[in-house]
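Note that the chains are named A, B and C in the order they appear, and that numbering of residues resets to 1 at the start of each chain.
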Amino acid sequence: MTIRASKLWLGYGLAMVWFYFLLWPLMGIKPEGLEFQTSLAVWGKVAAASAVLLALYQLKQGGAFRFLEKPAQAGAEALAAVTGRVPTWLALCVVAGAAVAFPFLTERYAHDVAISVLVYIILGLGLNVVVGLAGLLDLGYIAFFGVGAYTYALMSVHFGLSFWLCLPISGCFAAIAGCIIGYPTLRMRGDYLAIVTLGFGEIVRIVINNWMSLTNGPNGILGIKAPGAYWFNKGSFEHIWLNNLEQLYFVILGLAVFTIVAVYRLNYSRIGRAFEAVREDQTAAELMGVNTLRLKLLAYALGAVFGGLAGTFFAARMKFVSPESFTFIESAMVLAMVVLGGMGSIPGVILGSLALIALPEVFRGFELYRMFVFGGVMAVMMLFRPRGLWPAKRMGVRSEEKD
Amino acid sequence: MEFLLQQLVNGITLGGVYALVALGYTMVYGIIQLINFAHGEIYAAGGYMGVILISWLFSQGFPPAVCLGAALVLAMGYCAMLAMAVEKVAYKPLRQSSRLSVLLSALGMSIFLQNGLMLTQGVYDRAYPTEMVQGGFEFGGAVVSWMQVIIVGVTVLLLVALNLLVFKTRIGKAMRATAQDKTMSALVGINSNRIISLTFAIGAGLAAAAGIMVGLYYGSVRYDMGFVPGVKAFSAAVLGGIGNITGAMLGGLIIGMIEVLAAGYISSEYKDVFAFVILIAVLYFMPTGIMGENVDDTRV
Amino acid sequence: MTKATPILELKNVTSAYGRIKAISEVSLKVYPGEVVSIIGANGAGKSTTLMSICGVLKPVSGEVWYDGARIDGLAADLLPSRGLCQVPEGRRIFPRLTVEENLDMGAFFRTDKDGMEHDKNRVFQMFPILLERRKQHGGTLSGGEQQMLAMGRALMSRPKLLLLDEPSLGLAPLIVQQIFRIIQEINEVDGVTVVLVEQNANLALKSSSRGYVLETGNVVMEDDAQALLANPAIRAAYLGE
């Protein structure tokens, strides 16, 4: 049903007046006096932009873009025909080739961004196991990232253990942390779960921040070793440190591929199906003989392992860890990737990480506005595309959401 | 002994503030089952409106009492408008969507508002003109500042007013009816959208008052000041039994008291941890809270 | 009896939950002063019909006319003030409001304090048990008391047309009799038009003037109540003979 035009514009007018009333006191009341110019300038821009959007929407409702529909559809069909003919393995090969060739074609700055994107892909996929597959909303996921990072940092600084040995150790520690956090929350309803995991995330951060003797508090830990490797050189193998960004890129690429394969296998395994059963209808799953409590714990632990792996790499790459990297906003960021990309969908999460990490780098000049826009986009996405950019095929309604 | 008394006085002050914020969470959760993440930001916006208005009014030469009173009323009104706008834009269109969608929308709004505050007000602390109210009196060895008296006084006033509104007036009854059964309340002629909007406005007004009082108490506000108190106030709401107004007041007082006592006797670094631990313990051992009724969603 | 214009008329109303059609092309007329019953088996679409009239469910197609105006598409909360009132299935008492507050909610849109007080006393007269329990929470009442409260709440809005959904459901026979006596009284003394949805077809038809039979979302029969009671097909299908 189309809303009548006059009503639409009346609503627009009211909304803009309302908006100005909210904007002006923040920008225009100053101890020196009342001022209208700056707030009016901002307001004017917003009002003009939303008027344009509204007019476009109205034209679309009125059918002004109908002439575009046919060519657009034809284009989409042509594209589908082309991509449909390319076998999946070939497409994957192209992507893999591009990923391997990437550091040779680009420079330092791009390596840096690419490494960040890959770290977040691992985090996103790990959280995706918990949120997308098992349907448990986790707002403290970054805590596992922190546990992994600090595990390696301490092991490396105090005991000189190698990165590769610490990877599984950090994974285990994170999994244990996952179980500790998971256990008391298992019986809770969805939205309580959100707030409790948020609380746990904060507890981990506060403890790291204050346990001076172990973590050196807010000053962080310095002097973490990079990953080592044996490399064929002048007729013999010798030990080298993978210090430069190109080498680190390949380490994290390897970890990311491992994560993607692992999550993909998990998705289509017996356990993956059981996760989905729990997500869609817990009671029914239980009646079918699925041990829901154990499964949820497993989901937490598995998700945490990937967080721990990513954390280990993060510590090795930065050579420094401090509690500032593990705040709530990071958890929200990872969650936003999963949601933006499409819950439960692996390509979706990869797309989401690219969108949220790489895109803001392109608009470096607007750094300040990054989180502002990000919050707004998150709310708008829920309105227009709640299933994400690349929705998973097998997603239904979570049982507890039904009224 | 004197130390304990002093801590109790501080605890009541802080607890009252938490109670005010917790009410917003509990009322909104009671009526649309949403953890309104943006509520903490509304509280922060209240704190900022307070300092903006007080500074301006003070510079115009009004006496301190007028500045405080007018700033309080105007900031409450401002935040009510802000919360109604947030509800209308980000929550109302999602009324038929899954609960996860609304929750994420709320999270997005929280980030949006927090950064909006940062963009317009800057990243640094903004000092409150606390010199307006100075001094205090001694009471059994504990020092009670006039500021604390004002804070507790205003808090009590607002809590009483809210109780009267919710339990004695026609609109209050309609609010409770809508929380209990939306379809039936429509069948008796209650416009639930309007009631929901009103609930957001009232909760936001109380949060704004709390923001101002915290600004006065600690002497400054910051754009991200809403997050931690927000979670603590939500803990208070859960502790009291979510959806329960009396419970939220009680829960706020308990959380404030525990925080102050824990900071005084155990460790001030870990004081924030206690609120979270209490939240988790309450949800684990008595998920319906101390005043909880049938919160399990079998509301027919 | 010549009946001028119907107070309620449904013209080919189709309603659906999502993609699942619940009633299709239902047409019916209710004239002022009547008691009309809608009978049918479980899932025949009786409650859906009432919800479509009240605006809780928006019809996919068709028209609903009430009191000379078209009301389909109107928000549900606009109708009680026009005198259209429903007692829904399961009574839906506000469980954590007191009995008295529940009654006040029935008169939510009214502002005439004296009239409300008068009507409340009238309800207490009709159902003395409610007076005894006036300070109790609605959720603590027994099923029969809840049904009385639900009807009392509906009467507080001074309805012209009252829609009753399964008023006998789950109640003891004695209480059912009492409820139906009250329905008759409301109809005869106050002149309220009543639409009665019932699974207990015998009881419903005996206290109505006309009846509609719903089957899988369609009106399959409409006649005088007496004629329906005498109809062998109806007797076989709904009266257990």
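Just a few scattered comments:
Definition applied: a contact is a pair of C-beta atoms (placed from the backbone, for glycine too) under 8 Å apart; a residue touches a chain by one contact, two chains touch by 3 or more.
Quick caveat, the model's predicted, so the values are computed rather than measured.
Nearest to the global CA centroid, when each chain is reduced to the mean of its CA atoms, is chain B.
On a Cα centroid basis, the chain most remote from chain C in this structure is A. Counting contacting C-beta pairs between every two chains, the top pair is A-B. Distance between chain A and chain B, defined via averaged C-alpha coordinates, is recorded as 30 Å.
The distance from the centre of chain B to the centre of chain C, each centre being the mean of the chain's C-alpha atoms, comes to 43 Å.
For the pair chain A and chain C, the distance between C-alpha centroids works out to 52 Å. Residue ranges of chain C in contact with chain B, taken from their complex: 54-56, 75-81, 85-86, 88, 90, 92, 94-97, 101, 104-106, 108-109, 153, 157.
Those residues of chain A whose C-beta lies close enough to touch chain B in the complex are 18-19, 21-22, 25-27, 29-32, 34, 137, 139, 184-185, 187-192, 194-196, 198-200, 202-203, 206-207, 209-210, 328-329, 332, 335-336, 339, 368-369, 371-372, 374-383, 386, 397-398, 400-401.
Remark: chain B residues 170, 173-174, 176-177, 180-181, 183-192, 293-294, 299-300 touch chain C in the complex. The part of chain B that touches chain A in the complex is made up of residues 33-35, 48-49, 52-53, 55-56, 58-59, 78, 81-82, 85, 89-90, 93-94, 97-105, 107-121, 227-228, 231, 234-235, 238, 267, 269-270, 272-273, 276-277, 279-280, 283-284, 287, 297.
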